[in-house]
Structure formats: C-alpha cells, structure tokens
Amino acid sequence: MSRIGSMHKALGVAVASALVLTGCGGGTDDGGATGSAGEDGVITVKLGVVGPKTGPASLYYEYMDQTFETFFDDFEEKYDVRFEVVSEDDQASPEETARAVSRLINEEGVHALMGPPLSGNSLQVADVVQRSQLPWLLPGPNADEIINYDIQPNWAFMTNFTNQQIMAVLGERLWANGQKVGIVYSADGFGQSNREHLTSWAEENGHELTAEETIQPGASDANAIIQRFQDAGVDSVFMGITQGADTATVTRAIEQAGFEPKTIMTTGTILTNYRDVADPSQWEKIQIVDPRNFLEGGDAEVLAAVREATAEDPAIPTNNISTYAMLDIYAQAVQEVGDATDFGAVRQAMEDIETVHIGDSLTIENPFSEDDHVLYDDDPANWHTYGFDESFELVRLGTAAECLQNGC
Amino acid sequence: MSLLDQESRSAPPTKESSRRPSRWASRPWVRDALFAVAALVVAFLAILPGRDGAGPSISLMQLVASMAAMTVAAVGLNLLMGYAKLVSLGQGGFYAIGAYATAWLVLDGGWPPLLAIAGALALCGAVGAVVAVASMQLRGPQFSVITLVLAILVERILNEGAPFGRLAGYPNHAQHGTTALPPIEILGSTLEPPMIANTVATVMVPVVVVTALVVIASRNIARSPWGSSLSAIGESEMLASHLGVDVFRRKISVFVLASVFGGLGGVITTLSFAHLQPETFDIFLTITIVLAVVFGGSGTVLGPLVGAVGIVWLEQSDILAQLGDLQQEYISPQWYLSTPGLVGVLFVLTLFLMPRGIVGTLGGLVVGRRQRAEVAEDDGAGLQGTAGLPAEADAVSDAAVDGHSPAGRTGEPLLVMSGVGKNFGGLKAVADMDLTVDRGEIHAVIGPNGAGKSTLANLLTGVYRPSSGTVRFAGRAITALAPHKVARAGVARTFQTPQLFHDATVLDNVLAGFPDTGRTPLWAAALKPPSRYRRDAEMRAEAERLLHLVGLTEFAGLRAGELPYGKQRALEIARALASQPELVVLDEPAAGLLATETAGLGDLLISLRTHGYALIVVEHHMDLVARIADQVTCMDQGRLLSRGTPQQVLSDEAVVSAYLGKPMEEHP
Amino acid sequence: MDALVLGLVLGGLYALLAQSFVLTFITTKTLNFAVGEFVALGAFVVLAVAGWSWLPDVAKVAVGVLVAAVVGAAAYRFLVLPFMTEGEHDVRWLLSTVALSFVMLNLITNVEGPSPQRSETARLSGAVDVLGAGVSKQQLLIAALAVVVTVLLVVASKKTSAGLVMRAVSQDPETTSLMGVSPRLVGMVTYAVAMGIAALTGTLYAATVGASPVMGAPLLVASIAVAVVGGLSSLWGPLLGGALYGVLSEVTSYEFGAIWGETAGLLLVIVVLVWRPQGLLGRRTEVKL
C-alpha cells in the first residue's frame, strides 16, 4: 500500500486520522480508474492485488510491490496504461483470502485480480474468480492444479513455470545414467505438488522414484532423511522445497553425513533465503533449472531495474520477473481492447497475445492458447541450468537440453 | 444455572421479589423467551444486507459466516474451559474434523447432506469421547498439551492424507473435477454459499439460525443444574462428586458436547466457503478459538459470541492496517506494529481494562452495582448479628413444618460401618473401625491429629475404598461406592475448609446442592422444557427455606466469597442439606469459628437433629462436642480408643493421655 | 546407532528450551507461550552486537541472554503476574503471553524482515564423529549446554539460598510471602533466568539455521512436549524427556521416514500423559479436602 502511504503524507495528520477513525479502506477514492481512456489518452486500470502484506510470508507480497514500483511508469509510457493498485492483505490464510478477493471483486470493482501468490490460497478462490469472470493474473503460484481447462473460457493466466513443466525438464536429467532418484519436498503445497508431478512424470516415462521424504518447514535437522537416501542407494537428489532455509537444512545434513550424490537439483526457490544460512561447501554441487536467464537479456534487465529503483534485492527474483511478464501481457491486452472493463475482450486479447516482452531484450511469442494459460513451455532447450560459485553467484552452465546431453 | 455467570439466576434476589409485586419481565420463562427472540432477531439482522445477493454484500456474508463458525466453536469450548475449567487447545482439531468429514461424506461418500453433517458431528463426538477418556486424569497444562497434540495430529493428517487432497485442498480438480463443493440441497432448497455476485447466499439462513440456537442452548445449559455440575467440576472434582455428580461421565459428556460444537463450526465453514485448505486449520485456529473465549469472557453466556465476533472482525479490519501505516509514517518505517501485533496489544489492553473479558467485566459492573444496592438496602441485619448461625428455635420449627425433612423412623440403625480398615502402602491409617449412627443422632468423632478421623470420613463418603470391612447405609451396602453414589444414597458432607463457589451468589451455592446437579439429563438442560421451570421454582423455594434455616436469608444475593468465614460454613451446611440427605458428615465444622459462632453452630446442629437428620461431626472442639453429641468416638492411630457419651469419653484416662501425648497446639 | 546419537543430540536442543518452561512452571505455575519469540530475540540481539569485534563471542551471547532476561522479567511483572491473581483456574496469562508472542513476532518481523540472517557468533562449523555418527559441532554444543544448564540449575536450587527460596515458593507461595520473601520477585527472577535460557538456545541455534523471526516456532511444540513428558515440576525432567523424545523421533524417522518422526514424538506425549499425568519425573499433587 505504498501508494496510499504517500497519499497520507500529502494529506497530513488530520485527514489521515480521520481516515482511521472512519475505517475508510485504502485506495477507494481513485475516481480516475474508469478502465477507459481519459483526456490524456491513458487508460487507468484498477488492479486488485491480494497477498500476504504482513507476517512471515510477506516476501510473497513484496515482489509484486517492488515490480509495480519499478515499472508502472514504463508501462504507462509504453502502452498508455496506468495501473492503480487496490490491495488487500490475505494474511496468508485461505479464509481471509476468500474475503479479500470478494471485497476486491464485488466492492472495489477491480478490473483485474492479481494474486494470491501462494498456491493454497489461489486454490481456495479458484472457483470464485473463475465464476466472477474477470482476468486473473497469477505471476506467483506454480501449482498446475489452479487452472482447470475444463472451464472455458478460462480466466486464469500464469507467468511462472508450473511444477509439471519443471519435472518434464528435470526428469531425464535426474534419471540420467540409471541413477536412483530421491526427492525431498517440503510439507506444503509447493512441495507436495513437486512430488506429485515428479512421480507422475516418472510413471509415464517408465522410471521409479527410489525414495521420497518430507521436510517440515523449520525442521531442525534432516539427518534421518539423508540417512534414508543413503540406505536406499539414492545418487540423484531433487529438492522441492519452498524455503531456502529448509533447503539449507537438507544440504547441511548432506555434508554432515558425507553423502555424495552425483546430481543435486532444485528450483529457483533456493535463490531466496538460502545463501545466508549455508556454506559454500554445501552449495558446490547444487544445480537449478529455470526458464529464465537470470544473467543476461531481458530477465536480467528486469532484476537490475528492480535493484536500482528500490535499492533492495528482488524479493523473489523468479517472481519479480513473472510479475513483469504478467503486467506486460495485461497492459498490451488492455491497450488493444481500449477498455479494461470489457473483461471478456481483455481476456481474449490476453489469450491471443502475440509477443510478450520481458525487459527490453527478451520476447516470447504466442505463449497462450485456449488450453494453455501458462507462459513457459517444457522444452529443455528453452530452460537454463545454473550452478553456483563460491559467493553464491549464479553460473549458467547451459540450457537444460545441453546439460542433459553433455552433463554439466 | 451458571455459578460463575454474572447473569445469575438468583438475581434479582428473593427478598426483592417477595417484597414487591413480581414484574412481568422477571419471570424466568419470559426472560428466556426474550433472549431467544433477541438472538434470532440479531441473527437475521446480520444477514439482512445479503438478502438480494448484491455483490458488495458477499464479503460481508463471508465475514458473518466466519464469525458464526468461530462463535459456535467458541461456545462449545466455553462450556469446557469457562465452566469445567478444562483449557482445551484441541478445539481447532474438532473444527477441522467437522469441516472435512462433512465435505468428504458428501462428495466421496455420497451421503445425503443432512446425514453427512450428522455423521461428521458424530465423528467429532466419538473422537471427543476417546480424548476425554484418555485425558480423564489430566488438569492444567497437561490437559492443554494433550489436546494441543490432538489438534496438531489432525492438521498433520489433513496435510498428508491423500483422500483429503492434501495441500491441493478439498475438493480439488485432480480428484473431483472441481475446486468447489457443489451447493448442497436440504429439504428441497439449495443452499448457495456467499461466493458470486447476484446469487443469494441462501446458506446464511441456516448458518445464523443454527448459531443462534447454539447460543440459546448453551445459555440454557450454563444456567441449568447441568451447568452447575460443570462449575463444580471446575472448582474441584472431589466436590462435584460429593454433590452427586458422576464426574467421569459428566466430563466425557461435556467434552463430547464441546467437540460437537467445535465440529459444527467446521460444518459452517464447509457450507459457507465450499472449499477447504488445510492451511485454514493450523495451530493458529485453535489458539484463536481459545482467545475468543477469554477475550469475550470465559464462563459467561455471551462471552464466546462477543469474543469470536470481535476477533474475526479485528483480524480483517482495515483500521488496524491503517494504524500500522500511520506508525510507519510518523514513528518509524521499521519500528511499528502491523495488524497481528496490534491485535496482541489490544488483547493486553482488554485484559487490563476488562480483566474478566468483555462480557465478564461489563456484566460484573452491572450486577455488582445491583447487588451493592441491595446489600445497602438490607442494612446488614445479619452482618451485625454476633453469631454466624442462628440460635432461634423458631427457625427450626418453621422448617419442621416442611415435608422434606427426613422423618423416616425405623428400628434399624441408619449407618453401620463394621471392621472398616484402610492401608496406605504399609501404613494402617484406619484399622478395624466400627461405627453405628442412628437417625436423629449426633455422633462426634474426636482424636488427636493423625488419628484417622478424616480418613474415616473419607471411607464413609467414598473418597477412599476401604481395604477391609463393610459400610451399610439405610439398609443397603455402600462399601466402596464412588462418592457420587454415596451422595445419591443420602450422605452429604462438608469440608474442613469450606468448598464454595466463591463467585456465585449464596443462593446459587445452595441450588448447586440439589440432587438435580448430578441427575439432570443434558437434553433437558439444553431444551429447558416446562417441567424445568417448575422444578427451578421448587428448588428456589426450598433453597430459600434452607437459607432461612441457617440464617443467611439476607445474604442470598451476595457473592459467596464476600461472606465472613463463619457464614461460609453455614452456607456449606445449607448446601449439604439441599441434597435431602439422611446423614450429614461435618468435617471440623467449628474450625476457625469465633466463640459466638461456635455456639450458633451448636444450636444449628441440635436443630438439625430435631428434624431427624443423623450427623457425624469430626471435631476438635471439646466444648462443642460435649454440648451436642449423643455419642462420641475417640480414635487414636487409626483405632477405636474409646466410645460412649461425651462425659464417659472425655473423662476416659486413655483419651486424656492420648491428647496429652501430643503437642499443645493441637489441643482444642 | 546413528539414530540414537543424533536423537540424543536433537533431544538436547529441545531439553534446553524445555528448561525455560519447567522453570516458570515450578515457581509460578505458568508457561510463557512467547518463548519462541524470546528465542528469536536472543538471536537478533546477538546479531546486532556481532559487529563489536572487541567483544568476545561469549560476551556477545551474554548480552543477548541479558537483554532477554530483562525483557522476560518485565514480561512477568507486567503481563503474567497481573493475570494470575484469581487462583489456579485463572488462565488469563495464557492470553497475555500469546498476545506478547504476537507483538514480539510482529515487531521483530517488521524491524528485521522475515528472511533468515546469517549469524556467525558462537558458530562452530563442521561435524565430529560420535560413535560413528556425524554430528554437527554446533548441535553437540547445544546438547552439552543442556546438560550443563540443567546441572547448574539443580545445584543452584539445592545449594543456594535463592534456590531454596524458589523451591519454597513453588511449594507454598502464601507461607513464603508471610516469611518476607516476595513471590513477585522470585517470579521475576525465574522468568529472567528462563527467558535467558531461551535466548541462549536462540543464539546457538541461529548459528545453524540463521536468525529469523519465526525460528522459535518449530521448536515450541517439541519443547513443550519434552517438558511435559519429563514432568513440568522436575528440573531433571527436560533431559529425560528430551532424550526420549529425540531418540524416539529420530529412530522413527530413520525407520519410517521423517514425516513420522515428529508424529511419534507427539504420540509419546499422549502415552506418557495417559499413563503418568504428572510426567515421568514429576511429583503428583494430591487434591486436599
């Protein structure tokens, strides 16, 4: 609610306390957000954003906020679309999310809904948003389960990769050379979804998962998990873990037990919260795959711009990028339709979008179709494999396809 | 009747109503009807904004649904925590079981919705019964921990159990092809949840009606003898069993009831939100329910409602978020509190300003003012009296008219204890004791400290199982019966330190002594049929008579804790008499009394004998014993030392030397 | 064997924190539900003074312990004591300590951010071989401290006058207050010591997992469980409870998977409580008539 914060500053103490006393919700007095072009030819869109603004999961709101702060002016310039954010705190609770989403849709009358960023909360409201029929922008969640293509027209769009995709990219690599694969996944929606999709990929491709273990968020050790991997003869480990800190617990146990698997793969979640609680010897062998190129091109430009504009590190780098992509898609669609309140037309324009821009120098062509509302695909040639150097800087090792072929 | 409730059944007190023409609105059934009507009106007002299904009303209806669910769960917990003083941290677990079981039975089980709901509630009740049995011996933090463990295990199952969709939620489209439970149909009408604009959220009608009914039923229960039994258990389980309450079964019942209400909260959630995510049912939920009870006022009828509505409203309120922003602007961008922290501050402030919760404190202010006014009006005639107990013989003769006095006069002795012994480990606390007491007899038991007098009393009243010997009472064997069975057989007792309900009125304390406390069935307590009103009136009249008997009429409306010590003893005797006993066991009734009070006590005991009560008086006070006792038994080291009339026993050399052999301060 | 060693070490961590529950329970019959936040408080205070290079690590840890002790004493005086005045059934302290937990968690999150931060103070990296099992030195240190702290507390409670007073208060607060000992002061001192121990746990634990606002939460349930299994009224209880809980959960994790480890620990709590409500080493209090 940083925009509202600055509004308060302008209005001064008296008005601000009056707002508090009357319990006036933030950001409702945005008379300009008509959804159609104003006198200056700019279309002002009322964007409802829901996410955990407070509490331990607040990083998942922050990445959206950072991206807004950095790029809203650019989008206005580029597409003549101005965003006005009306935000609600979902407190990372499903019930609260349901109410927050209702308020945004029914009371605020937002033109599009962005969030919630956590898969579980998205699942809680999936049916409601679908039936409310307005564009649903999901830059955060990875769970395939959120979108049900049986319902058409489908209103949800995701610009992160999905768990099904990453397993399709990773599977061959994990099982390369007849390795025995073990997955350790966090006991939350992200982790379970990882396990589910890895299992079904393995089944479809005639492989077998040798070991699967859960780690509780905040667990104090993972010794038993690693011991069981060793006993089962696992030599290829996949970590589907939400929190970098829990990933660190696992790699610590790996080091402590002297376990030396040939392959250790994980996801971009390791970029958040991992480095500060791990040692270089623990991340030496870890590799991640991601459809984004964090080191050069448009993806890197987005991250650099966020860093410059906010003077902070991107809260969740992968999601900062996917938020950018989502805003780009939506702004283009609104510009083409000319009226953000024509939800059906905007949705159609999003589905039909030809070119998605990420930063200045990356484009993705024709990402969507009727039964594909996910930005990325699962072609290993379009994914990147990274390792880490001593200071946890990413080192690009090649595309996922190259690494599969040549080993990395 | 609620012993700890501010809204006491005995207010306005007796004198008031007898002195003035009773007002129409003060009749119990009228007040109950008004409460019920008010509850239903509030319920319907709450859902009025959603009557046309307009978009902006939807989040409000969701809010009302959350409040209703939280209220029902908190009302259940309040019975357990506020009255029986069992602080359960497991309520969230039952909430989750109720929610998931309903959804699962409807969707996977294909049960008709009403049956599914009943099944879910039955499951909650069954789990509650098992937990109650397992935790029967536990109190305090241990009880809280075992229930917390239950809640954690339930959450674990929902997180990991594949049939419940795990973190993909229930239902999810991989398993069910949809992420929303289809609206259920009950009795031909479709219950739409508050989700989509321009669809009227019909489910809100049963939701608020059920919530209102639960509040009404809990009020009835809390203010019934069944509720008194919970308060008694909360005070002391031993006391409760002496009041004729089968503590084991009653604790199971209340735990089952609380679990079912917890589950009902979950049912409301399922019906109103149509999709379940395990994240909703985390530890925080269970803590929130506890907080709602304490915040609103634990042990009050409306406390859980106020607490639940307050907490749910606060957590989503914009006001707190705005306060957080303000702090950031004007204090520090980092050192500030946002919503959860401000909720914490608000809790603490509430505790300081309203120590008994919102309802408890506000209600206490109102009742307190009323009571103070009445005491002033009474001008403390009784307080000025020197003796705590009345000496007037007319009180006795008044009472003698009453048909309730135990006038049975048969040839057989009332109580026959023969060869009774009790070993604790190797120690023989009581060995081979005989004791016979007849109707209309006062039998004093004396002896130096540690002689086994109290153990004997405890053997008689069922606290201990005798190691040997038999106890017969009124012609039946009561050897080794549980205290509540002994109490029901007609043996009442008082304790060395008076065990009263200090926060309840004097009249309510006596009311708790009636056999109804142990015998009223739950359904009758909850539904409050007309017979209950009649019985209440009877009990009240009888309680007033007993208060008159012990000289406490003036104090009927006062809190028992405010009575002077001597009058507390008198009150305890009145409560013992309320159970219509044939035998009353008094454990050191004169301990801590002033000389004048002791004399008054003697008068009272003599008058009781006149009424045909048999009394066993365990006592140190020889003057009193000499004055009132028909028979005296002196014990030493667990054995009979001497027996006979007071003169015989008190002049017995063995008795004198047994007493002289002890340090002086133990002499009367 | 590995599981046994690692279980004992893990139990040490829980035992150390469980000691803060036992201490407050013995003297005041209350539990501080904000213990998890005191764990974080200790860690962040140490993090704040980590830059003072003239201070040895031990002193830095002491600063953290001291700050938490002062806050703990204040918490007792202003947030626990006023809310336990109405006898043993008065559980308002439950609400006030949970409220304190909300406030502290929220404040720490707002000030320090939700992400874990690296803590180098009192950090031992690497592992040692104990009976064939690789044990991290840091965890070993924590477990050793659990034993040391327990022994110190037991000795202090038996040999020092303060300890005698503490035990007297726990048995009969009214009489001791007649003897001129202030139960309020004893309560404050106990809370100070107990929260100091929580902070100590936090400091050492943060060196492994990083300092974060929520770092105490996962330890909370396990520590309460350990305290209850051992017996809330026994200073030796946490060690025994910790050993049982740690070994059982670790062995179960090894045999059946990590997800069952904690579940087994929780089932242990149920079994112990049903069988012996006062805990393994706890004293049973008889109801007096």
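A, B and C are the chain letters, set down in written order, and residue numbers restart from 1 in every chain.
Definition applied: a residue touches a chain if its C-beta (ideal position, glycine included) is under 8 Å from a C-beta of that chain, and two chains touch if they have at least 3 such contacts.
Since this is a predicted model, take the numbers as computed values, not measurements.
Student: Chain contact topology under the given definition, line, ring, star, complete or other?
Tutor: complete
Student: Which chain has its C-alpha centroid farthest away from the centroid of chain B?
Tutor: When every chain centre is compared against chain B, the largest gap points to A.
Student: Centroid from C-alpha atoms only, then distance chain A to chain B, rounded to Å. What do you get?
Tutor: From the centre of chain A to the centre of chain B is 52 Å.
Student: From the C-alpha centre of chain B to that of chain C, how far is it in Å?
Tutor: 34
Student: Going through chain B residue by residue, note those that touch at least 2 other chains and give them in order.
Tutor: Correct list: 160, 338, 340.
Student: By residue number and range, which residues of chain A touch two or more other chains?
Tutor: Each of 54-55, 187, 214 in chain A touches at least two other chains.
Student: Check each residue of chain C and list the ones that touch at least two other chains.
Tutor: Residues 106, 259 of chain C each touch two or more of the other chains.
Student: In their shared complex, at which residues does chain C touch chain A?
Tutor: Residue positions touching the partner: 2-3, 6, 10, 13, 106, 109, 114-118, 125, 127, 134-136, 139, 205, 208-210, 212-215, 217-219, 250, 253-254, 257-259, 261-262.
Student: Could you please specify the touching residues of chain A with respect to chain B in the complex?
Tutor: Counting only chain A, the residues touching chain B are 1, 4-5, 8-9, 13, 16-17, 19-20, 23-26, 53-55, 89, 91-96, 98-100, 102-103, 105-107, 119-121, 123-124, 126-128, 131-132, 143, 145, 148, 150, 187-189, 192-193, 214.
Student: Name, in rising order, each residue of chain B that touches chain A in their complex.
Tutor: 55-59, 62-63, 66, 159-160, 166-169, 172-174, 177-180, 194-197, 269, 273-275, 277-280, 315-319, 321-326, 328-330, 338-340
Student: Please give the residue numbers of chain A that touch chain C in the complex, ascending.
Tutor: Where chain A meets chain C, its residues are 54-59, 187, 213-225, 227-228, 244-245, 248-249, 252, 255-258, 272-273, 276-277, 279.
Student: Residue numbers of chain B touching chain C in their complex, please.
Tutor: Within the complex, chain B touches chain C at residues 81, 85, 87, 134-135, 137-138, 140-142, 145-146, 148-149, 152-153, 156, 160, 234, 236-238, 283, 287, 290-291, 294-295, 298, 334-338, 340-345, 347-348, 351-352, 355, 454, 458, 463, 495-496, 499, 587.
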